[in-house]
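Across the two complexes that follow, subunit A remains constant while its partner is subunit B and subsequently subunit C.
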Partner chain A sequence: MNSKLACGKTILTGNKAAAYGFALAELDVFGGYPITPSTEITEEMATLASRKIISTTYRNTDSELASMALGIGVATAGGRYGTATSSQGLALMFELLHWATTAELPLVVVNTNRSLGAPWSIHPDQTDSLLFRDLFMPQIYCASVQETLDMVLWAYRMAEDPRVNLPVLVCLDGFMLSHTAETVIIPTQESVRKFLPEKRFCKDFMLPEFDDKKIVNLQCPYNWKEHSRRKRALVLAMQSAYSAIPEIAGDWFNIFRGNYDNGFLRISGDPNAKIAAISMGAIVGTIEEAFADKPVKVIGIRFFRPFPAKELRNAIGNASKIIVIDRSILPNGHGVIADELRLAGGACGYNGADIHSFVGGFGGQNFSEENFLNMLSAILSEIGPFKKTYWMGDAQ
Partner chain B sequence: MIGDILAPLISEAGFEVQAFPFFGGERRGAPVSGYLRCGTKKITTHSFISNPDMVVIFDHERISVAKALENLKPGGIALINTAFPNQFLGLTRDWRIYTLNARAISLLHGIGNPEDPYMVINSAMAGAVLKILEPIFKSQLPDKTIEAVLNNVMPQKILENYEALLEGKKTVVGLMADASAMWQWLLKRRAIPHLTQPDEHCTKCNLCYLFCPKRAIETNASGAYIIDEEKCNYCGICVTLCPRNAIAMII
Partner chain C sequence: MKPKDIAIQPFLDSRHGLCPGCGSAIAMAHIQSIVSQPLPSGKIKKIRSMVIPASCWSIGSGFDGVSFVGTNLTNTPFIAGATVGEGIGIMSQRQGLAEKEITIVWAGDGASFDIGLGLLSGAAIRNADILYVINDNQTYGNTGAQESGATPEGAKTQTSPLGKEIAQKDILEIMMAHKIPYYASIVLSVTTLDDFYAKVRRAADQSGFRCLHLLSVCPPGWKCDAAKTPDLAELAVQTRAFPLVEVIDGRLCLTKPKREKPIEEFLKHQKRFDAIIDSPEALHKFQKQIDNNWNYLLRLEEITK
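Our next item is the complex of A and B:
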């Protein structure tokens, strides 16, 4: 048993990588409640804390709601907090998650994407976290295990940015990333300390006076003016998060040499290709391998909130066909990413009608390279979908 | 096993690697599958593996072997944990079959419980897989490296698991790997022989019993001679010897 946190090149699962991200962030408190497929995150944190490899105070909470309540308390006192959950757990903590966002409390929640029941499932799709896309909370979707570790650190950097001060959600597809072992390079603690802001908790913390404008959580405003002010402040905070992303990506590159471009997107393939494929999460890697030598540029969305409309427009460029692959579905029958693109399309200058939308991957439906190649040939041969949402797995 | 033992070792051997499980029911004893990719190129895909080059079967009694091997590439490798390898003879016409008795190895090294119906055989199986992958590794992984990985990963019984892994490496054997040219030809012709039991012409002369190299022939309660097909290696000696042609090899 080692007494120091491992570092360097190693093989980790997504869950372990998330735990290492939390460990390197030197949390004051981690509150964990188990739920498949995120349980190993809280187990690893418990292991690291009990062996004194990290000095984080580990707490077993009695539910996910308690996890968020603990987080609100810790963050209000200026402490650094983290928790991990999935689908049903994320839904259970929603009431307080909403409170944490509107109280502008920095903390990080790692969500392993899992189909939100009914029907009951342990397998992945993105309906759980995307359900909460209206929260004032940045959402990051990881496409590899290395990204998972890195994005937990990015999340703290963004959450504690004084212009932002919001909870951040880091998502990784259940099983596809959470339980998948891949090569990871664990950064050193020293370099992480250069990347993250100073910790804010101080032992002399005192609860503020009633009329102290600085602590937003403990006030109980009763007039509409304060409510209105708060809402506008939140809008501004999300805009600040948006501008912070390229700064964070730049700093990351300077310190760690890991290249995440401007942070918003993961782009591969011929930049002049006339077909763009857009998706999010673990399947981005599958799409990249499927279209490796095809005339397609693959765009993986890393930050879903704030939605990178401008960056997507630049990445799509003058592609004439946009394929969108969604692992989510809306009541109007559209995929979430597809609709966000259509919404942004007006302001962004590309024709929403050229979006070929595919939905699927529910309850862990597997997408193989073959699925994507069939999809591509359908689109290339022009017998494919126009202005319609296609369901993957239907005879095509 | 694949994520904790094989993946780090394959990475040590200089390959890109990815490993992940698939779970159904969340209970002890439920069947689970594991997938592993390794190669020289960076692996970014996260799809299931539909056409494997190798399939490893831990429990052929609770898992349908036919289904497990459905999409194994022709000429691919199947590794099966079993005490009676000969029952898989038929599979050798399409694939290369390797077997070992991982349960016996594990129990021998104090891993698992003989009363427990669930088999704790990960280390022995990992050893067997490593042996089979040796040709692509181009060199044996040093024992020290293996021990270091197990040290990192095993919560207990590190030495026992290490020994079991090494023994799995040693005892895994290819089915019909040493088969004579005639057998290879027969199998390629998709002809699987089977023996008839000694019929009414049998005079109980005992020759078949005496000369069977596998001691696969015995007498039952009523004195009739029986060939145990699981022990039989289809050498054909009994067929040749029988003075009454009471045993036949049907192809």
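Our next item is the complex of A and C:
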């Protein structure tokens, strides 16, 4: 199986890397439906499957809703499933995505981030996937092409962890990552099998195996006690996902030598810096470059769900100013990460550090290193604390 | 194998929550019994799961994880039944069990004609390996009898209190347009028993996308006597309100009723049609539509021979 799949050092786009992640995960079924900018993941999976380079059953579905329905069926019957989408497609999946999470069905959705309309846009921001932040579904945000491939494999490890059993969402920024080519190392199938063993049978959430005499009624009505039990189990599953992250990162390092620290965050710069810049996704790399010789530590959030409040507290340390760069906006005027930090701040004690919230990146607004440097000088010249949100572009 | 040779298994637990006189409850017990017997080719198939999108069966078929129908049940959201079934069917194929297992999607007319039509179309055109039963009671039964795409024109429902003003969707032609290997309409009654059993056996025996369009008498929705269910099912066929067809690889075959009756014989037992019964003009128009459809099917049978 999959013996013909390329491995070793090569150059891939983010979308192709996501497809290689799926290919190496040896899926039973992939459901494909095109949507910009995720389409190439689907095309690559269709090509790999129809040329028998992988043994996955590929299906062209009739909508993202059907892609998710197919996944519910495959996972219910014990199979490993994946699909890829963006923005409007993810939104269309919502009913069934919620069903899959609460039915505790492990599967993986790759979302190539794109603005969720209206107005109509194919440009990248994170308003699509972050709309799903209240689902019991771990969310991973990738900052590089290599990370995209790796995180698809992490996602299956986490989804199928018997303590977790949830769908996992892997996000990569449209165009900025999906269409950017970088050097990548494709691991060998043998080494991936060590990291991601065959799917375990989980009797609680799947149809019994052929010879089993047991008869189940999956997702039928229950009394309120069972409903409460299941809601609590979902909370527990998310907590288990949190504790699984360092284990997965450790196993990954042992097998592949790829270093993601403890998995939650990507941290660079002076650990004692008094300013911490926090963001998520492909722009983390640009921020790192902009602040390379500035007294700023840059923190990229890899796992947005479960939200790494404790890890962020440690990473922020003694910093007295926190810059948050969000590519999303909430009705209360906050960016999503800034909102989460403000929410978690009390319990996590960010040492009273001021949160300077920047939002932008909508409708194709591009961020250069210069934007981030201007932002920094604006903050350094002002005295906090600031409660307001700066719109990128206004601060220049 | 004749109907008398197939003992009805105790598939339907008496705790089930279907209404008195529910046509679909008896049909469920019969279909499960038929499918679980050796099929015409000699194959024996185990029901992998019945897939139940939102319908009366979502609340009627079990509780607290217990199945009242004797087989595994997979409940799904309203829209998703066909494709969830397809996913289960693909896994049977990948596990080498496609000849030994059968996945049955048991979906209502709302789930099939309306909300789930898109996904049904996708699963049908991909020739998903499922037996898809349209459990058609011509109304949204579980919510208390509202108008669906399958409601006959003129019939009263909770959301068409003066009678449905638009046409009934033609699911036969929709499914025929998908070139599926097997389609049949079935009715469970004394005089249609042989037809019912033969079609269910043929459908279960095959692989690929098979669709059984089952007319289910619904006493609360049709506003009829619960004791009249088998009679009304029979009358639907005898009055040609529900023609029995079988379509194999595009060839349509019509089962003609031995005794034909005028449409009012079917309508007069159902209060949902009282406005039609009371109006000779409306009744004439209704009869005309029935005749036109029947003649169309006769021509279709001839053309597709």
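The definition used in the following text is that the second predicted complex is superposed on the first by the 366 of 396 C-alpha atoms of A that agree within 3 Å, B and C clash if a C-alpha of one lies under 4 Å from a C-alpha of the other, contacts with A are read in each partner's own complex, and residues count from 1 in each chain.
Rule of thumb we're sticking to: contacts are C-beta pairs under 8 Å (C-beta built on N, C-alpha and C of every residue); 3 or more make two chains touch, one makes a residue touch a chain.
Nothing here was measured: the structure is a model prediction, and the numbers come from that model.
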**Asked** Now for A:I122: first (subunit B), second (subunit C), both, or neither, which partner does it touch?
**Response** first
**Asked** Between subunit B (first) and subunit C (second), which, if any, makes contact with A:E182: first, second, both or neither?
**Response** first
**Request:** Would you sort A:T148 into first (subunit B), second (subunit C), both or neither based on which partner it touches?
**Result:** neither
**Request:** Answer with first, second, both or neither: which of subunit B and subunit C does A:S38 touch in the superposed model?
**Result:** neither
**Item:** First, second, both or neither for A:D62, with subunit B first and subunit C second
**Value:** second
**Request:** Based on the superposed arrangement, let me know which partner A:S368 touches: subunit B (first), subunit C (second), both, or neither?
**Result:** first
**Prompt:** In the superposed arrangement, which partner chain does A:T112 touch: subunit B (first), subunit C (second), both, or neither?
**Reply:** neither
**Request:** Look at A:D173 in the shared chain and tell me whether it touches subunit B only, subunit C only, both, or neither; answer first, second, both or neither.
**Result:** first
**Request:** Check whether subunit B or subunit C contacts more residues of subunit A in the superposed model.
**Result:** C
**Fill in**
Shared subunit A footprint, subunit B vs subunit C, residue numbers none
**Sites on subunit C touched by subunit A in the complex** = 46, 48-49, 51, 58-59, 61-67, 70-77, 79-80, 82-95, 97, 100-101, 118-119, 121-123, 125-126
**Asked** Where on subunit B does subunit A make contact in their complex?
**Response** 2-4, 7-8, 11, 16-23, 26, 43-48, 50
**Message:** Considering only the defined contacts, which subunit A positions touch subunit B in the complex?
**Reply:** 10-11, 13, 36, 122, 143-144, 173, 175-177, 179-183, 282-286, 288-290, 366-370
**Asked** Given the complex with subunit C, which residues does subunit A contribute to the contact?
**Response** 28-29, 57, 59-63, 65-66, 68-79, 81, 95-96, 99, 207-208, 210, 215-223, 226
